[in-house]
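Below are two complexes that have chain A in common, paired first with chain B and then with chain C.
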Partner chain A sequence: MKKLTKSLVALMLVLAMALGCVSAAGAEPKHAKIGVAFYQDTGYAVVATKAYLESLSEALNVEFVYTVLTQTDEAANVAAIQNLISAGVDGIICTMDLGTNAIIEECEMAGVYLAGYLCDYDVSYTQNFDRVFKSEYFLGTATDGQNPDDTTIGHTMLSSLLEYNARAEKPLTHVSMAIFPAWAFPSQETGAKQFVEDVAKYNETNDPDILVDELDPALDVLMFTQMDTTYFSKHTGIDGIISFAAGTSFVYPTMVQAGVDKDIRLFTTGFEGGEENNFGTKGTQTFQQNMVSAVESITYPLVLILNKVNGVTFPDMPETAERISTSQFCINSDEDLDAFMHSIYYTGNAADAMFTPEQVLNMTAFGNPDATYAALRDLLAHMTIEDLAK
Partner chain B sequence: MKIIKKTLLTLLFPALMFAVMLAITASSDKCYVDGQLIFLQADMVRQVLVNACMTVCVALAIWLQLKNGRFDFSAGANMILSAIIAGNVGLQTGSPVLALLTAVAVSVALSCFTAAMYIFGRVPIIISTIGATLLFESLTYLVFGGAGVRAFYSTPGLSVFGRLPGIFLPTCIAVAAFVIFVYFTTQGRKGKILSNNQTAGVNIGINEKRNIGASYIFTGIILGMAAVIYVSQNTVTPQAGLSTSGIMFSYIVPVFMGMFIGLASCDVVGIIIAAIGMEILNYGLNCLNLGAGGTQQIIMGVFVLGFYAFSGQLGNIQALLARMKNRRARA
Partner chain C sequence: MTTKTNPAEKRSSFPAFLGRHVYDIAAYAGLAATLILFLIFGGSRLAYNAQAVLQTSAPTIIIALGAVFVYSMGYMDVSVGQQVGVYAILMIMIINAVGGALGVVLGFLAVLALALLCGAFNGAVAVWLKLPSIVTSLFLMFFFTGAQFLLMESTGTNSISVPTSLLRPADRGAYNLLLVVIIVAVALAVTYFFRFSKLGKYTRGIGANETATAQSGVATTRWKVIAYMAFGACVALGTYVMLMRTGSAGKGTGTGYAMDIMICLILGGMPLSGGMKSKVSSALVGTLTYVLLTNDLTTMGVDLNMINFVKALIFIVIILITCRRRGGVLPR
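Right after this comes the complex of A and B.
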């Protein structure tokens, strides 16, 4: 009799668990509050990201609160995260790897999940991997472009340069580079070396040669300040700049001030508005390439956090959090720019986003029992200008 | 003869600065490209002139209030807000002239608001101007959707007032506004008395409120010119947390230097010459790859401190030299 009772209780427990799982997969998502900590409070990317998130709000039953982090003040970042936790968030999407040790500690104590967006978390990845990436509360990050150990931006830059040369009346034969410091953006230094190697290989079999000025640490590494006014005196004769650093803010103003914006072509990461007037065949034709990450890449950390909040997980979810390289919009021509100008990044209109709220819900483990981590991860590789045109 | 002496003394600072930086850059390999010294290239003249024009406008706006016994913290916020509004008007109309006029109109209006806060609020100038700064900074997030101005300076047809030779127009207007107020208006002259002794000035019948109103109108005109140059050279983004004061303070050094250099002529000339001298120093440091970061800050700080110490002790130095001269004559 005792054995029978035990068996019945065990059976009931199994049934209850099974019912719970089934109901969780098909039920209304739990209400969640998610904090998003941006790297700045204005600009196209911020406006578009907010528009995209707000459009998902109803379908995913989530509300968002926003804050801004700094690139230099660890304590300010920790305080900003503490404020979000005090506001009752269930998860935080963070765009900065500064003060992460303290931040993850705060999150662990409060039971709040943390995930990254537009950030490679390289300091944490290389120096505090166990503390951050193995933490139960750190879920992973979608990098802004490639991770430092997965860099391809040097290849992309040469490809854009050659594409320009193929259509230009006067091909570019002498270029210089600009990067942010390696301690902040290691992939840019790697990308610059990659670009130099690629050009050397190209020069072996092609004419005319492309001359790349050697990277001068004192001049070409921009310490988050505008390019030096003597840059063009020191890089005499250049007809192009390959800026792995955000060129619109840090390179282009100096070009305008020095009066070289009509003579030198700029290939750069980032799009901050206004470039379209001088892009490709328009205006001064200064900009010949822009590279930006799709704001929709925030879907990755968002889905991971919402799964946790809803108490479900992907069947193939890795044990340790990952940082995932994202494909980027590489705008090389007027046609590419036209496609980009119809994206949410440019319009700030959620209707132009790559994913509808229903599609995002379908990516979650609670909205779709068949959803997988591999599929979510794969999305980040399909956010290119070609995908936009589809 | 006296005029020649004054002219030479006035030009001494930039000439010395040029000579020192020439000597330093000439001895550094970093400053040679293809065997040519980059410090001596035409680019130096262009950069110095373009940067000096902006510096002169902001420095004059700061000095105009300082000269009248007030330090206006809101000048930076006024300039940024005016720049955002003027830039957007310029972008919408395609007219740089309209942008300039808008910048002046907005800046004068904001200056008048600051003056009204000070006059009618009856609070110390530091409190009223910091209050105005916070208010203006908040407005930068509200006007035009908080997007600032991004494409104005990159449109050559619009940014004429940020490039040579167009930049000379707003600069000349700013200098003219300063000169007219300080040297050709009664209020400007009364301001000198008020700055020396406010109570005595009021007691002898000077209407301080009128002085404040007039000086802020002229400050607004000068700041409007600074705003149109600023938006013609930069992306202007919304600001918060008194960051606009930082922008304003980055132009303050020539104000104090100009007071000393101006002893040989007048303050406005002193400020212009100081601005040119400082830009020569900046360009030289850029040639040496020291144009930004901690080293540049240290060099600038030490230089400015040394300059102020020298100018502050000038009277004692002159007395010492005179005593030495007398002793030698007696011997």
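Right after this comes the complex of A and C.
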């Protein structure tokens, strides 16, 4: 009888454990509501990001609400964040570092997590690190390209220029530059200096020399307005423009207006749509390089927030929030453009995303007990045009 | 001798009462409706939402209270947003330059002096040059737009800030209480001056019939200037309250305040043509309705990008219901 009782108890224990395992394995992620605060409400990147997020909704059991921030009004940004919190979000992905001190205070007050996307949070990083990056509610940010202290865009620009020169009948030998102001994009100023230094080194051992015009603070620093037509009077004789600033919106229209779009080649960042008609060997051939961040880099803040909502963490999760440089699609040729035109960034179709919902679930600590922070970071470094073409 | 009102008279007086107070009833009904929705849909974040509504509405309420003096004359000021922006930047610059509590006091006093000066300019120039007041405020709007841009350019950054701990209590409860105290104090002061002093009496008189008011021996120019200066004082205080919330300012700070103030006052039942029916309560009722409406639409799950569209629809309906046809509704 005693033996039978022991056996029954043991059997019950085994059953209970088995049931526990089954229920744990089939456990749904907690329902989460995440607010996404964009820098604008239209454009390829916004449409594609929304499509990507919505495709993850079911697998991750997450619902998204969207809003738009402003680049100039902190109070408006705080109000927008308060509205998201009122809407019941568990976490917010923010694309702008403006009013962040007040925003993080709101998040702490409401128990809502904050993370960044396409933003280096440089003001917070350099001036309010303790307040923002050490807050338990700020989880980190995925930068649009490189962080100011991790800049390589100058090297990339020269590499693209040399790649063009290698295939072109008439190589480019005289270029000028355009950047956004350093207070908004410090990495662009660093990148411009890097480009000038790289060209100087190149000229030491190669012919013909490439001449780079010095940055003119009055004309070459674009205050988020289109380039002035006097740019071409200042930079006479150029055959290429290296625009670290978003060239499609701020440089190309002025080139067309000045009638130089057939004569000057543009190497730039940010794909706005329409470039494909004049890219590489097509049309006026104005665009010879374009760099954009993959919209899938939003996976980084998303996974970090969802881990928190589900009460789990990576074993190697750093104590202090980090800002992560993301690799970019660097489109240098017709073949690259063709690959890019099959990406979610261009098509807006979630089926073209680099990650499936199951893969993203697998990146989370609640979907995969073996998932690590290092692996998540590594993924951000592998979203290049070569990865896209695979 | 006492007189008795017969039931028939009572019946006829009720529709008359409704007719007399339809705008007030509509305004208070709007506030009640938004409040009920706020309580229903607030859910687990009701307390957070309440303090968010308080913090969002506080600067607007204070500026709208000051605007009552201007709107009661049938005038308006479209430069208020740019004024708020420049005052916020100046206040931060002074606080950062001087430092500590002294910097805060000096910053506020400097901005107050500038706001009073602008108020005087706005009122006086409109009278002396016989211009519609909106024209002088348009001039100020362009002036302050340029000033805001140049000030921010001189800093070489997109945003300047001071620690909020210099401007308000660190404890959220104490901060919220301070906001309530400021709102109540400003509301009482404005109510006193608007209801029981010559300022309110004359501004309402100017709004109802400026010629008749002037012919009654009232120095209308002087009272117009004083009304604009009172508004300026509230703009300065409202700017400080706004800074308490964010501690920072930039090129776009203050954007939209002019339109928000007008919308809030209209929602609260303020006739845009001014006059004797102007009320201080318009500022409180209208602003709370406006802010609560945004919060309600958010908590009800309306797409955040659709909220402005819904608010515009509601606003146009209210205008159609409450617009006073006599004398028109547009400001003079």
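Rule of thumb we're sticking to: the second predicted complex is superposed on the first by the 364 of 390 C-alpha atoms of A that agree within 3 Å, B and C clash if a C-alpha of one lies under 4 Å from a C-alpha of the other, contacts with A are read in each partner's own complex, and residues count from 1 in each chain.
Throughout what follows, a contact is a pair of C-beta atoms (placed from the backbone, for glycine too) under 8 Å apart; a residue touches a chain by one contact, two chains touch by 3 or more.
Note that the structure is a prediction, hence the values are computed from the model and not measured.
Q: So in the superposed three-chain picture, is A:L162 touching just chain B, just chain C, both, or none of them (first/second/both/neither)?
A: A:L162 sits against neither chain B nor chain C.
Q: Regarding the shared-chain residue A:M317, is it in contact with chain B (first), chain C (second), both, or neither?
A: neither
Q: Output check: A:D41 vs chain B and chain C. Expected answer is one of first, second, both, neither. What do you get?
A: In the superposition, A:D41 touches chain B and chain C alike.
Q: What is the contact status of A:G283 with respect to chain B (first) and chain C (second): first, second, both, or neither?
A: first
Q: Figure out whether A:G273 sits in contact with chain B (first) or chain C (second), or with both, or with neither.
A: first
Q: Looking at the overlay, does A:F232 come into contact with chain B only (first), chain C only (second), both, or neither?
A: A:F232: touches chain B, not chain C.
Q: Please work out whether A:G259 is in contact with chain B alone, chain C alone, both, or neither, and reply first, second, both or neither.
A: first
Q: Does any part of chain A touch chain B in one structure and chain C in the other, and if so which residues?
A: The answer is residues 41 of chain A.
Q: Please output the residues of chain B touching chain A within their complex, sorted ascending.
A: 30, 33-34, 38, 41, 43, 46-47, 50-51, 141, 146-148, 150-151, 153-156, 159, 162-164, 233-235, 237-238, 283, 286-287, 289, 291-293
Q: Where on chain A is chain C touching in the complex?
A: Counting only chain A, the residues touching chain C are 41, 65-68, 70-76, 78-80, 82-88, 98-99, 101-102, 105-106, 109-110, 123, 183-184.
Q: Residues of chain C touching chain A in their complex?
A: Chain C residues touching chain A: 43-45, 48-49, 51-52, 55-56, 156-159, 161, 164, 172, 242, 245-256, 294-295, 298-299, 301, 303-305, 307.
Q: For chain A, which residues count as touching chain B in their complex?
A: So the residues of chain A in touch with chain B come to 41-43, 47, 216, 218-219, 223, 225, 228-230, 232-234, 236, 248-249, 252-253, 256-259, 261-262, 272-275, 277-278, 283-284, 286.
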